[in-house]
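You will see two complexes here that share chain A, one where it goes with chain B and one where it goes with chain C.
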Partner chain A sequence: MLPLLLLKTAQKHPVLVELKNGETYNGHMVQCDSWMNVHLREVICTSKDGDRFWRIPETYIRGNTIKYLRVPDEVIDKVKEEDYKRDEKRPAMARGRGRGRGPGGRGDGQSGGRGGAPGRGGRGRG
Partner chain B sequence: MSRKENALDLAKFIDKGVRVKLSGGREVEGTLKGYDQLLNLVLDETVEYLRDKEDTLRITNDARPLGLVVCRGTAVMMVSPTAGTEELAQNPFLQEDGA
Partner chain C sequence: MGTNVGLAPMVDSTISVITNDGRVIVGILRGYDQATNLILDECHERVYSSKTGVEQVVLGGLHIVRGDNIAVVGEVDDEIDQGLNLSATRAAPLSPVQH
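Entry: the complex of A and B
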């Protein structure tokens, strides 16, 4: 799974972007490119200390200032579907390599990770 | 994903007010007059919003007029339109949770 592929699949989904300076941006990803520049819509910006907030209709963030992004869990399934489609076009190549999880989504929701399954984190979802 | 692809479409911001955050922490606001692929920007009637002396991550409403400015692309972190941007009085995420 390529990071940028996941990101590309996350288009039209709500994402959280944290910049290197600690500010976070929650919004719907309109587009991203191969430099990880992202274009967000209906954004809420949170200051580094988390006590000031701005609503911004849209924003363009330069990829090299990003520390990390959070994407919704369901995006990972969509990436897999797309991977499949690609594999079918070029069979016998990359199929069955790696130790990927089987089909049927990720984890069981019990195994934790930060915050567990439903309603994770107050700030998570834009 | 083609290399050429670019999430950037600043054409719609031309002659509109934009707010730009620069790496290092400065923030400026001005009218976008031009831009290029490298995200170099030309801003007119630019004002810089100064930061709090004690708390340099806090932007104040004190402004410093800069006039016509070229922002170097490599220093630009974020571009957003001025119109429709507002500071919220309270945490919008708390309401969502119903907390």
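Entry: the complex of A and C
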């Protein structure tokens, strides 16, 4: 499972973010992206030594300043659930063997072009 | 690539992570990516000290550790680990990574 998938699933859940500078931010995650930038609401910020607190209505944290995040335990189960649902929806054919290209290939120089549509296999899990 | 290289064979087993700030975190690896971001489950931190034994701090739950501040990832042999007498182990804490 990919960490960023877990993060995405943790949207709308309470999370704790520790920054590289030691500050921690507790709040509801509104949104996140593939750079780990996170948007929190109703935040409690704690200083590095843990002796000062601030209540902040809204913060946006740049991903690269993060040391780690804590997410609720149930989120990991939710990821698996959504995974499963997605698998069910997809037609069995498309659930290919990984990244195989199948017939069609990259073209042999004579037939020209880039191989193309037949049997691209998609991004399926094996 | 096979599943016997890199972090793949460690998934769902106990690992020990040393972070750039010199902390030692032990937990179960649930996932990882190209940037060495890790999903750690049932985390605890081992705080080493040269005066007292190792203190286990339960961090609990699910953590996403950003790859930026991971120095070392190591496999843990659960059997050997259980046999360790941590309260009798004296060791100086690690200092943070120097860039």
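One rule holds in what follows: the second predicted complex is superposed on the first by the 88 of 126 C-alpha atoms of A that agree within 3 Å, B and C clash if a C-alpha of one lies under 4 Å from a C-alpha of the other, contacts with A are read in each partner's own complex, and residues count from 1 in each chain.
The criterion applied here is as follows: a residue touches a chain if its C-beta (ideal position, glycine included) is under 8 Å from a C-beta of that chain, and two chains touch if they have at least 3 such contacts.
Remember, predicted model here, so these are calculated numbers, not experimental data.
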Fit or clash - chain C, chain B, common chain A: fit
Residues of chain A touched, compared between chain B and chain C (which is higher): B
Output check: A:D73 vs chain B and chain C. Expected answer is one of first, second, both, neither. What do you get? second
Check whether A:R62 is in contact with chain B, with chain C, with both or with neither, and answer first, second, both or neither. first
Is A:F53 touching the first partner chain B, the second partner chain C, both, or neither of them? first
Taking the superposition as given, does A:M1 touch the first partner, chain B, the second, chain C, both, or neither? second
Overlaying both structures gives a minimum C-alpha distance between chain B and chain C, in Å, of 14
Between chain B and chain C, which residues of chain A are contacted by each of them? 4-5
Inside the complex, what are the residues of chain A that reach chain C? 1-7, 20, 36, 63-64, 66-73, 75-76
In their shared complex, at which residues does chain B touch chain A? 1-3, 5-10, 23, 25, 39, 57-58, 76-81, 83-88, 90-94, 96-97, 99
Taking the touch rule as given, give the residues of chain A at its contact with chain B in the complex, in rising order. 4-5, 8, 19, 21-22, 30-34, 37-39, 43-44, 47-49, 51-62, 65, 119, 122-123, 125
Under the touch definition given earlier, write down the residues of chain C that touch chain A in their complex. 19, 21, 30-33, 37-39, 41, 59, 61-66, 68-69
